[in-house]
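Next come two complexes, and both contain chain A; in the first it sits with chain B, in the second with chain C.
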Partner chain A sequence: MSTEVPLLQVEDLTKLFPIRRGLFQRVIGHVRAIDGVGFDIRRGEIFGLAGESGSGKSTLARIVVGLDGASSGRIRFVGEDVHTLRGTRGFRRRVQMVFQNPGSSLNPRRSIEQTLSVPLRFHGIAPSAIAPRVRELLEMVELPASFRAKYPFELSGGQKQRVAIARALAVEPELLVLDEPTSALDVSVQAKVIELLMRIRNELDLSYLFISHDLSLMRNFTTRIAVMYLGKLCEMGFTGDVFDHPAHPYTQGLISSVPVVSEEEAALKPAVERIRGEIPSPANVPPGCSFHTRCPAAFRPCRIDDPAFVQVGFEHRTRCHLFPRDSTA
Partner chain B sequence: MSDLALSPSATPDESSRHRAWRRGWYRFRRNPAAVAGLVLVVLVVVAALGAPWLAPSPESAGTFVNFGERHQPPSLHHLFGTDNVGRDVFSRVLYGYRVSLLLVVFVLGLSVPFGVLLGLLAGYYGGWIETVIMRITDIFLAIPALVMALAITAALSPSLMNGMIAISLLWWNWHTRLIYTTVHALRHEEYVEAAKIAGASDAHILFREILPNCISVISVKVTLDAGFVILIGAGLSFLGLGAQPPTPDLGTMVASGANYLPEDWWESVLPGLAILFAILGFNLLGDGLRDLLDVEVS
Partner chain C sequence: MTVSGPNKGGPVLRVDDLRVAFSTFDGVADVLSGVDLEVHPGQRVGLVGESGCGKSVTMRAIMGILASPPARVRGRITFAGEELLTMGRAQRQALKGTAMSMVFQDPMTALNPVFRIGEQLTDVVRWADRRRGLRRTASERRARILEVLGQVRLPDPERIFDAYPVQLSGGMRQRVLIAMALLNRPRFLIADEPGTALDVTTQDEILRLLNELVRDEGLALLMITHNLGVVREMTDYVYVMYAGNVVEHGTTDAIFAAPAHPYTRALFACVPKLSGGRAYAGIEGTLPDYTRPPEGCRFHPRCPHAEARCFERPPSFDLGEQHHSACWLHAPTEAKS
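Let's look at the complex of A and B:
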């Protein structure tokens, strides 16, 4: 690997949400939405983050773009602490986000042109340069220039998401955080939006943090993948390695629950049971390994000790008692 | 690109705003109560604005006296009859609407922007700003409006201006509460957060992103308010604490006409009905708008 400073470094990040009850709103506990998460995103990389609903993906995204603060841990952007950068125009310009729900990420009272001109205005683009730039942005996301004058209610979900992407691209960011950008869309539209995102990344040399609850979706376009469960990373590695040799029983379960197309593919899949039951509440995380309540391979230590995040291959890590210590080749 | 073909079809020269308005107007027309309200409000506004031209006897609005025609019952010559100094009651009612609408415009023009601004600040910033603003609002809400207006106008000298100031002092808090609730629901909308990430200033977010989404709730509330402001204003002047003679105020007319009940009923009953007419109009219109815009305002 090069010694270049990663674009984004997430270090031991934790986010607790207080649970309040009663007349005086006393804090009676905490939701551990994110618990000791760490990873890097390198320049030019598409980093996939997968996890079930409630695993903390959006919380992480919000902290990365500076909408929320973390409870502990650190995020660095090109080596600099995001906490000190947070809210500064320079940082805002370099990290942008596309939200999960295209229906609510555009202001219903503002035209597409008004929406797209916000980032331009606030990053010192000359007023006369705004209209041409809006046209350029629409073209970039393959929407006709006539969409300027439209309002969100006239757009389909896919078109809204294209506008949201255009807004995120307006100020030429370096990192785009995509929080389930396609999960609210029909499958055919989903493919088109992903295609668009890939084209844009190649043209503009962007890096993506691509978040999805659908691990298999990310197989074809991510560089590396991290799997999150109840606020913790349970596996991380190059996409090919994770799909070919999933180490964690949870990852194995996620991969095997993907419908198979051919016999050969079925033969290649690891033979593991599908994951049982529901994800526990992050307000009440099971002791030991938080996955043990659903794990087909769970044995005694899983109920007691939280396993370490150990190396199981080249830049491939997992958090599971089946891999007691670093077994790097 | 298949998802492009899905945009709603329409004649190309028609703007989207225009189309939305037409659809709204179509739905509005199918609500008879709302249409009746709109008609009443339009009549009241036309009467008020057109009083100098519509009134058969514009001089009746002032200190004019015509002792030869005192206490005349309604006739073709005096549609609403005449009062104790021979002034044409119909003309005075038309001018009375001017006073009522002046009151509405003054009170709401002063209190709504103020109340809305405080509601925006409290709802958006939260924390101590919210605590301070909302506690003050609660205190004002706890005082019955009419009692407070009575106290203020009695303390100051009774006049139309003081009455308007008194009502304005009481009115902003309703809007603060309403907008606070609305903003609280809106401040975590993704488009608000998207604007933040885009680098927008707080002023932009408050006034360009959030406020436009409060406009429907504000317009419904303002329409309903107009009726209540007229009622309270009339109440104050009925008690002699608002507009003073010879201002052609509807409440004052009811009060002075009441001295000649029941024989000369038109002098008080017809101005009273005129008040009712206006209140009814604003309420029906407000209810219709509320259904149309699908907002909650209480």
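Let's look at the complex of A and C:
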């Protein structure tokens, strides 16, 4: 690995949401939506964040782009603390986000041209340069120039998501946070959007933080992957390593529960016991290892101690009592 | 016309040349243009396709829950030997939720939030009893409900009976919906994307449960889904739909071993594989406008193999005893075995 400063560094990030109750909305406790999460995204990388609903992955995305603040911990962007950068236009320009549902993330009363020119105007692009840039953006996402005058209701889901991607690209960001960008789309449309994202990344030298619950998609699209459970990372490593040798029982169970379309893929699934039940509420996280209530491999220490995030291979870490200390490859 | 499926004393459900059109402001949308399908006793059948392919319209026509007008339904739907589209309204109503039943997709919206689970399930039983002229006491009904809640493996059925939907997780609510469909001992179950709204681990559990119940009760299942992986793991026989037509059907093994129709092949190529090796083809173009559908094969404007004869509608050609494709590529013309 190169020694250059990572594009994004997330250090020991925690996010608490207050639980309020009663007439005076007294704070009676906290939901730990994110609990001590740390990872880096290197330049040019597609970093995948996987997890079930309620794992905290979307909250993390919102903090990374500065839509929400963290309770503690730090995020650095090219070495600089984002908390101090957060309000600045410079930072907002360099980190952009594409949301899950293009149906609700586009303003229905704005034409596509208006939608795409808002960020350009906000970031001080000369008015005369806006129209050519809009045309260029549409071309980049493979939409005809005639779409300028259209409104979101005239577009299909895939086309809307292309507009959302164009809007994120308008200000020439370096990091794109993609929060389930294709989960609302059909597979044939998803394939085209993913292809587009791959091409754009190569052309514009972008990095992605890609959030999804679709592990098959992750396997094909990401460089490295982190698996999140109840606000904590339970495994992280290069995508190939994590899929070929998943260490954490949660990762193993997750991979083995993906419905697949061929024998070849079915053979790759770890032969493990199924994960039972559902993810507990983040307001009521089990003590010890938070996964022990569903874990087929749980033993005594799991109920008491939270395991450390240890090295189990080259840049491959996991948080599980089955791996008591660093066993470096 | 297609004849297919194993013949174990005739199908439970048989759909012949089903045509559904809707009147819209832009003219008549010709949505289903002749769908044929069969479901045999004990068989698990998948109806797979992308959004807008007509799979939900097919399902609604079978269940008799298409508002008409605006829908115009023609063709024949035969259930256990009886013709559904011409039968009397009362008779049709009596079938719903009894001999044929349905598991709804979204566990978050399919239950009424202001009534307890027990009340909602009791309604279903009481309603069916009235239609069938059955007299049961409240405690007999309650006993049946608790029995089924146990069958779908909900812990502590008594507590679930008194709970409100908000007190249950998504997976538990999906189980309640399955229980609801089983209450009146159906012979035939339609499942509309069960578990799609849930996480993969929960979806996996739900599908396994559904599989066991279908097997144990000897039910026939028609499962509607967009997920090819779910089809592979849950069904014996598959119908692939595109733009209101069945383009290919056959045993799940045959189709997954060798998808034949260009649309099916393109669809398979779009699915990201757990084995990696990204090969995203995608499918050029979009679904046709149903008010002006392409002539002949409706897939031809997007098909890499399209040729002149595709302007004529291809019949279903046999690729094997239990594998059929509606594509001219599979016409038995030249020397072909």
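What we mean here is this: the second predicted complex is superposed on the first by the 320 of 329 C-alpha atoms of A that agree within 3 Å, B and C clash if a C-alpha of one lies under 4 Å from a C-alpha of the other, contacts with A are read in each partner's own complex, and residues count from 1 in each chain.
Quick note on the criterion: contacts are C-beta pairs under 8 Å (C-beta built on N, C-alpha and C of every residue); 3 or more make two chains touch, one makes a residue touch a chain.
Please read all numbers here as calculations on a predicted model, not as lab measurements.
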Touching partner for A:142 - first (chain B), second (chain C), both, neither: first
Touching partner for A:132 - first (chain B), second (chain C), both, neither: neither
First (chain B), second (chain C), both or neither touched by A:118: first
Which superposed partner A:79 touches (first chain B, second chain C, both, neither): neither
Partner chain in contact with A:216 - chain B first, chain C second, else both or neither: second
First, second, both or neither for A:96, with chain B first and chain C second: first
Partner chain in contact with A:156 - chain B first, chain C second, else both or neither: both
Partner chain(s) touched by A:189 [first = chain B, second = chain C, both, neither]: both
Those residues of chain A which chain B touches in one complex and chain C touches in the other: 156, 188-189, 192
Footprint of chain A on chain B - complex, ascending: 1-4, 6-8, 15-17, 20, 189-191, 193-201, 204, 208-209, 212-213, 215
List of chain A residues in touch with chain C within their complex: 52-53, 156, 186-192, 194-195, 213-217, 219-221, 240, 243, 253-255, 257-262, 264-265, 268-269, 274-279
Residues of chain A that touch chain B when the two form their complex: 62, 65-67, 89, 92-93, 96-97, 99-101, 104-110, 114-115, 118-119, 122-123, 142-144, 149-151, 153-159, 164, 167, 170-171, 188-189, 192
Residues of chain C defined as touching chain A within the complex: 50-51, 169-172, 199-205, 207-208, 226-230, 232-233, 256, 266-278, 280-283, 286
